[in-house]
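The data blocks that follow each hold one structure.
Look for subunit A in each of the two complexes below; its partner is subunit B in the first and subunit C in the second.
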Partner chain A sequence: MIEDRPLIYKYLRHDKKFPHVWCGGCGIGILLGSLIRAIDHLGYTKDEVVLVSGIGCSGRLPVYVDFNTLHTTHGRALTFATGVKLAKPELKVIIIMGDGDATAIGGNHFIHAARRNLDLTAIIVNNNIYGMTGGQYSPTTPYGQRATTAVYGSVEHSFNIAQLAVCAGAVFAARGTVYHVRQLDGLIEKALLKNGFSVVEVISQCHTHYGRLNKLGNQIDMMKQQRDSAVPVEKARKMSPEEMEGKFEIGILVDREAPNYLEQYNKVRQKAKNALSLQLTKEEKEESERREALDKQ
Partner chain B sequence: MHRRKKPEPKAQLMQGNEACAEGALIAGCRFFAGYPITPASEIAEHLSYRLPQVDGTFIQMEDEIASMGAVIGGSLAGVKSMTATSGPGFSLMQENLGFACMAEVPCVVVNVMRGGPSTGLPTNPSQGDVMQARWGTHGDHPIIVLSPSSVMECFTLTVKAFNYSEKYRTPVIFLMDEVVAHMREKVVLPEPNEVTVIDRVKPSVPPEWYLPYEDTSFGVPPMGIFGEGYRYHVTGLVHDIRGFPTLRQDEIEPFLLRLFRKISIHFADIQLVESFHTEDADLVIVAYGCTFRSAHRAMVEARARGLKVGLLKLITIWPFPRRVVEPLTRAKKTLLVPEMNMGQISREVKRVNQGMTTVLTVNKIDGTMITPQEILEKIEEEKK
Partner chain C sequence: MAKKGKHSIAIYQSWCKRCGICAAFCPAQVLAQDEAGNPYLKDPDQCTGCQLCQLRCPDFAINVKSPRKKEDKELGKNGEKVEEGTNA
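Here is the complex of A and B:
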């Protein structure tokens, strides 16, 4: 996209870190474009953005962009991000995770981050498989689909990540695809603007593993499948489960208000300080009484 | 008018865990993330009460893995950070602890040792995590481990732990034991202006010149803080001096060697010990943590009986203070290492000894402290 060229020069560490590690045609690069456009459009400065990731193909995303970037351990990105945000609330902290990263090894952190409602934005690249390690099945590999560790087809049922976020208490949860890229730009913007824990699940293709193992064609075929299986949430609500079979909803699943963690914790600080000043005045009084008694002696 | 007396410094009865928490506060710790576990919970409880009073932040995370991650995040954003746990939680922290070693993130991890393995003996003392503190995380790495033996040391050494972590950009493990953690002793805490506090060195070059992992003569690169204009990449992958992942042989080894060197060239600063009557002694007890207390008593009793016994207290356990132990072995003094495990530090003493002198041990793993009597018996048996 011609219009993106100046943006790429503005944000990518193009002179330092390229070529990148991703396969040509991987959806993660498309998501990176969306993320950059959203950040640029909202006018965040590079210094205030912290991009945190876990481990996986998606985990490699931050290294290419000129923000404060933190590539953590597998599944733990949200925990590091929690520390960053609590230590410096003025920072805009964005977390990129893979589906395995966020909902297998990091599943516990994910639901607790949603419940806690710290002002973070989590973007989860759902490619239905463990990409980086070579195509093993993940918590989002659909029942019956193949992976290198499910050569006879997976017998586990998959997570609906955006729905999981809703149930765990996220104040904003949306799903987009890398095919519907303009919509994705908007979803990420809305998530970034949301006060509280926001989640965007991004359906993306891993043609190299998931596509190949399940005979889904190349990256373009897989993006067409995204186009054909995605149903806008409003429409999906009117459809029966049978009609939704093999399809998924895209758009905003939930957008609600709740006080964020730091607003709550500031109240704790205030209470603690009030208690302390009461305690101090009591001690001061005792001290001056002690001194008066000494003076009288 | 009467002259006003300066108010006496306040003596107070304090628990080891509380003293550790207060030490952290005076060292400048303003972020704590943890998960409850006996016998370390009092540290979290105390800090949950104290940190919000001083504009700090306390958070109880969903587990110890998360706690360690949050602590690293807090430190990267410029706030001195700590967590506290015991054996089972310490095991869970190991992967992220390695991240802190690799990315050179200052932080303090308190491990109040209880009996193990597994859930083990939750309320009983042990010194079974000496080797885990050294080698718990995967990969070859240096680490600093301090061990207190009194409530006052829980305070003073926590300050030191923070100072080392900031100075050398490394996680420091504060290895307490259940006895020291739960014991109450009289302490007089210093005023904040009486305590030396070291803060990490931050970059002073213009941001575009900043090389976050550049070698320096001190071995420790200045640390950029998120949000302060020095944008750089932090990763657990082996990285080049710019912080970017590398697979180049000529970059991998120099980087890893620097991680070792930044500690090894500063052994004299890091390796803390205290010696008692080691000069004239022909038998020296080497002890640490709560076992030091029994060893000290045993030494006093032995001396009263005319036995020439000395005592070396290890405050820094790792890097092991070889430069102090080796002269004792060369002087052919018998060494006696009592510890509440099957011989983790004695193994290190024997390694340093290399057959020069006799190394005796007293090992106890029944969930109780080694008594002065038990050490004394060993001494007398040897002196017979």
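Here is the complex of A and C:
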């Protein structure tokens, strides 16, 4: 059995936590599979990966993996991840958030993390609703769709997370679905390789709440809807807004280069050191060198 | 791609939540659900080894094992059962 399922035995806490807590047919399980395949393909060791999550259904994900993990407060996954990355730049920091976690409670952290361009990989699971807490409407619930707190339909317009990331300055923004699982593997891999703030929005299904309240059917029907309404980016560019009504583009929305925060910050440190060293006494210089040696360790 | 009928599919019922995704999206209709929703192999000979059931299973409860190319050659033309081995 172990020979047949090497990835599961290598990366998941298969002997403790499975079967997992998510509803049968939930897309987060498919995403978890995609994530471990991407990490395995890139050859990262378990010790150099940090998985940070916030609160929500997706917040449960780090429980099941055997990496360094951090389960943080609601919406603050990116802030904790920023701290981890600044303290230990050699680690690969991946953030798993839900749509509410990333764009409502942590909305400001999200846009500023994108603007700052620290080398982080944010994976945002978008199921259009707050699943864990009982189906309240979230910033990605489409206009007119029902939720337990919007029984006559949501009157607010929804966020387009991948586009938001593009506009906020992320160097890599992509959207995939759990139906297009092979493409999702590739998108996560590219995002992990990118030096800078990269975002992958993963369209998932919440048949338990969103599907039931909006009469969209079960998990299979919802995955079929993903298949039917997803349009590749190249094709979507040629389509009119009317044709794109109710559809969304999948693929890489943006892949660009921009100065990385850490590189910039190191330049500032160097400049400050140069300016200071002119004024330092001999003892202070020794102290500074001793600290630098400690940092390097 | 390996030939049809040489892939072994294992379903781990203890992890399965009977969501039916594997059966619904199998391109060759190899899998089906019984009355209780448990997936079973309806037509294993038709399996092309695409592994979409394995990739889309949210519960890691299904595994497709395809013979390695080397073993494939050793098998010869009569297609005997493949010996157990690693499938890296």
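By our rule, the second predicted complex is superposed on the first by the 276 of 297 C-alpha atoms of A that agree within 3 Å, B and C clash if a C-alpha of one lies under 4 Å from a C-alpha of the other, contacts with A are read in each partner's own complex, and residues count from 1 in each chain.
The rule is short, and it goes like this: a contact is a pair of C-beta atoms (placed from the backbone, for glycine too) under 8 Å apart; a residue touches a chain by one contact, two chains touch by 3 or more.
All figures in this text were calculated on a predicted structure; none of them were measured in a lab.
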| item | value |
| --- | --- |
| First, second, both or neither for A:109, with subunit B first and subunit C second | first |
| Touched partner set for A:83, first subunit B, second subunit C, both or neither | first |
| Contacts of A:72 with subunit B and subunit C, given as first, second, both or neither | first |
| Partner chain in contact with A:182 - subunit B first, subunit C second, else both or neither | second |
| Which of subunit B and subunit C A:15 touches, first, second, both or neither | neither |
| More subunit A residues in contact [subunit B versus subunit C] | B |
| Residues of subunit A that lie at the interface with subunit B and also at the interface with subunit C | none |
| Interface residues, subunit A side, partner subunit B - complex | 16-17, 46-48, 50, 52, 62-63, 66-73, 76, 78-88, 90-91, 108-109, 112, 265, 268-269, 271-273, 275-276, 287, 291, 294-295, 297 |
| Footprint of subunit A on subunit B - complex, ascending | 1-2, 4-5, 7, 30-31, 33, 49, 52-53, 55, 57, 59, 61-63, 65-79, 81, 95-96, 99, 226-229, 231-237, 242, 244-245 |
| Subunit A - residues contacting subunit C, complex | 3-6, 8, 12, 14, 18-20, 22-30, 33-34, 178-179, 181-182, 185, 218-220, 223 |
| Subunit A-facing residues of subunit C, complex | 10, 14-21, 24-25, 52, 55-61, 63, 65, 84-88 |
